[in-house]
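Multiple structures follow.
Look at the two complexes coming up: chain A is in both, with chain B in one and chain C in the other.
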Partner chain A sequence: MNFGEFLIRRADDMLELGLAHAAVVGGAVLISTLIGVALGVLTYQSERARETVLAITGSFLTIPSFALFILLLGPLGLGWKPVLFALVLYGLMPVVRNTITGLRGVDPAVVESAKGMGLSRRQLLLRIELPLAWPVIITGVRVTTLVLLGIAAIGAIVNGPGYGELIFTGLARVGTPVAVNMVLAGAVGVMILAVVFDLAFYTAKRLTTSRGIR
Partner chain B sequence: MSHTPNAASGHADASVMIRLEELTKRFPGQSRSAVESLTLDILEGEIVVLVGPSGCGKTTTMKMINRIIEPSSGRIILNGEDVTSKNPDHLRRRIGYVIQQTGLFPHMTIGENVATVPKLLGWDAKRVSARVDELLTMVNMDPAEYRGRYPKQLSGGQQQRVGVARALGADPEVMLMDEPFGAIDPITRDRLQNEFLRLQSEVRKTIVFVTHDIDEAIKMGDRIAILQEGSRIAQYDTPERILTAPANDFVKDFIGAGASLKRLNLSRVRDIELGTWDTVTTADSAETAHSTLSSSEYSAVLVLDTDGRPVRWVTADDLRRIDGRSLDQIGSAPQAVVEPRATLSDALNELVAARYAVTVVVDEQGRYLGVIDFDQLNEAIRSMRSTAVAEARSEFAAHDSSQEGPS
Partner chain C sequence: MSAPATAASTTDAEVVQTQSAPPRRSWPGYLTMPLILGLVCLGMFLYVQSRELDSIEARSLNARTILTALQGHVMLTAVSTLVTLVISVPLGVLLTRSFTRVIRPYIIGVLTVLQAVPTIAILVLLAVAFLFLGFQAAIVGLVLYAIIPVLLNTMVGLEQVDENVMEAGRGMGFSRWQVLTKLEVPLAVPVILAGVRTALVINVGTATLVTYIDAGGLGDIIVAGLSTNRILVQLIGAALTAVLALLVDYIAGIAEDLLRPKGL
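Right after this comes the complex of A and B.
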């Protein structure tokens, strides 16, 4: 059986695994973005605070994913929970970093004139600073998404959802004809998801960025 | 009305819009105060220019008025109300703010930019949109064309027009302008300055204007505060008085060598008495012209047409070679011609290049009114100077010795 026939026969599986993979990554990206943007907003004005938060979120990325999933088995058990939790940790750094970079990149003259017109701190942030930093922030979210799509596959080690299942099953059957097809199918599935997410981000960035700063 | 900062003398209270009392700003880690105990009254409806060398504290002073920079001590009184510790956001909505880099919001359209403060104040959409169109029209920008554009689609000069319109958004009582025309090419700057002065003659705002350029200060200011290091006032006075009666060497140095020439920018041709010149009309004969010329102290007569417009300069040489032509066909065309609203500086400019060392003054219909020569300009400068000196003397005498004079 060649790879093409394999894909056709397992099409339902591929779709189901793909949706599960996308769901867990999508959820993790959403949570990472909310937390990451909040951390960036809270820390960008103070050098010490932003260096600290970047060091901590950066250190998460150095933990080998395999180890982290297994460590989370104890408190969170098997399934999607440890995977989601680990992905959120891995996803923070690019979002935090780009949020800080974006906010610090806003023209000081724009901020000063906004203050001078009587915008409150909150209005300044929501109406001026975040919209202007948005293209940089969404680029960070996009990087996070690509990183998490890959890491999520490893989550199958703790029975996590997604294409990792194909890869790990293939690994268990190394030497049999079907093994290569399974690993290949898992890898291709992740790549297709990456392309789909990337297109989605490209569209979202265009739609959510003002014409005045494009 | 006091020309020097004198918060204690209360007689001008009704028209004081901004009063700074003992205002001081010390930045952490700096031994000297950026602004040291500045006291200054700014009258309603006037443009007060803060001018001085870089580092003198003029921008810091201005930014303390809307508390972009919080004062270390002292009080800010706006229209009789102490605003030193009021909510700064509410204070700022009452004060228009224009900065050199314009600070337009790049992600918002021109219309949205101009609408900022009215929206903050909760105006309804209809009123906001009418106001935006009104303001854009006021700064000579067609609302239909520019409302929907983004800042990056405008030239520097247009951006600063929008900056001014935005600052006028909710019709504030006070405007602060920090070198608003500083980053604009000289020709556009001159036009924006003129437009702004015209606009100000309609809106009559109280304006604090910061610049390092004394020429801009003289042009824009009803009153100029020349500041030394620590925002100490070297002189606070009208442009005329600063040019004609500088209070000290610092002011003299700051004005620079061209003070007499700058003074000529302050007076207009209509303000001085015009000289006369011998004239004939195109209907006169060559003989009449000849006899006028021979009894004249000048070497040429000015030929006017039947409506009184100058058409030719005619000399004795021209008359000798007339060969039966009429007076308007000989001689040379008058070039140095100005109208009464021209400044004396314009008149001098024409005069220097003119053939007979004289500038011809005509009314709006082009009819001859008189002439200006070097003697008259010289006389005008001398009389400006003596008026200013006399004013300074009488004021000095009128105020008792407790009055703090310009240091």
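Right after this comes the complex of A and C.
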């Protein structure tokens, strides 16, 4: 059976695993974006807070995923929970960093004139600073998504959802003809998701960037 | 990405991968990480000592097994990082020369998306498709995966060198080669160092997975714990891996601070 036939025969498997993979990564991206933007907004004005939050979220990214999944097994058990939690931790750093970079890149003259117009701190943030920083922030989210898609595959080690299952089952059947197809299908699946997510972010970036700076 | 990259990152921010090294670190800042890691190791040691290990646990959790795994892991990380740098830094230089200007955004875009290929898939494919196992296969897999982020880093680093500086160099009568070696490369050193750090951190993490292709490393201990259902062994293996990764990142961070050319 060649690879094409394998894909056709396993089409519903591929679809199901793909949806599960996309769901866990999508959920994690959403949560890390919310937390990450909040952390960025809270810390970007003070150098010390900024460095601290970047150092901590950066060290999450340093911990090997295989090790982190195992460490989370104890408190969270098998399944999607440890995977989601680990992915959220991994996703934070690029979002926080780009939020801080974006907010600090806002022209001080613009901020000054907004203050002069009588905008409150909150209005300033929501109506001036975040919209101007948004293209940089969403780029951080995009990077996060691509990295998380790959890491999620390793989540199969703790029975996590997604294409990792194909890869690890393939590994267990090393030497049989189907093994190569399974691993290849897993990798190709992740790649397709990566392209889909990337296109989605490209579109989202265009649609959500405020018109004046597009 | 460090602060000077801000201007570039608004357009090229998709490639910002490395964490910025804090520009100035106070002494307590330098000491926190080793202190935490030391305490974690001490805690693990005392806990394992206080437990009555069964024969399966004792087979994994003894000094000799752990040291062998650790040594293998460090070797894998060092060799793969070296190979990664030897390939990706010159390639990065090549891809930022003027003849690639038209296709460069596409290269960067493709490389960015390729980062999503799961490492484990690369490693396992080497094993199942080519029956390529062991240390050399692991190095190939690790390098294939780490090349992309380091390459992206180098390219961005070289691109963000101020055009005016290069113009001034040319005005002083520098040849193209001199502009590259005397201006571009020294000015891009911080970014290349950040790339080294990225490569180290990625490789130290990925090296955990090469146990699946019989290449040793600390992953051996975790997988031994998984396959014999010994939670203690899994946890110790995972915690040791995490400690090693954080330590490598910490040392690389210090090296980054020390090696950065003065005046930048």
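Everything below uses one rule, namely that the second predicted complex is superposed on the first by the 214 of 214 C-alpha atoms of A that agree within 3 Å, B and C clash if a C-alpha of one lies under 4 Å from a C-alpha of the other, contacts with A are read in each partner's own complex, and residues count from 1 in each chain.
We take it that a contact is a pair of C-beta atoms (placed from the backbone, for glycine too) under 8 Å apart; a residue touches a chain by one contact, two chains touch by 3 or more.
For clarity, every value in this text was computed on a predicted model and none was experimentally measured.
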Query = Which partner does A:P131 contact after superposing on A: first (chain B), second (chain C), both, neither?
reply = first
Request  = Tell me which partner A:A153 touches in the superposition: chain B (first), chain C (second), both or neither.
outcome  = second
Inquiry  = Tell me the contact category for A:E16 with respect to chain B and chain C: first, second, both or neither.
reply    = neither
Message = Just to be sure I read the superposition right, which of the two partners does A:E5 touch: chain B = first, chain C = second, or both, or neither?
response = neither
Chain A residues touched - chain C or chain B, whichever exceeds = C
Request  = In the complex, go through chain A and note every residue touching chain C.
outcome  = 51, 54-55, 58-59, 61-68, 70-71, 73-74, 93-94, 97-98, 101-102, 104-105, 135-136, 139-140, 142-143, 146-147, 149-154, 157, 163-164, 167-168, 170-171, 173-175, 179-180, 183-184, 186-187, 190-191, 193-195, 198
Message = Could you list, by residue number, the parts of chain A that touch chain B in their complex?
response = 107, 109-120, 123, 128, 131-132, 210-213
Query = chain A touches which residues of chain B in the complex?
reply = 66, 68, 88-93, 95, 97, 99-109, 116-117, 120, 150-152, 163, 166-167, 169, 176
Query = Any idea which chain C residues touch chain A in the complex?
reply = 1, 6, 9-10, 13-14, 16-17, 19-20, 22, 112-113, 115-122, 124-125, 127-129, 131, 201, 204-206, 208-209, 212, 219, 222, 226, 231, 234-235, 237-239, 241-242, 245-246, 249
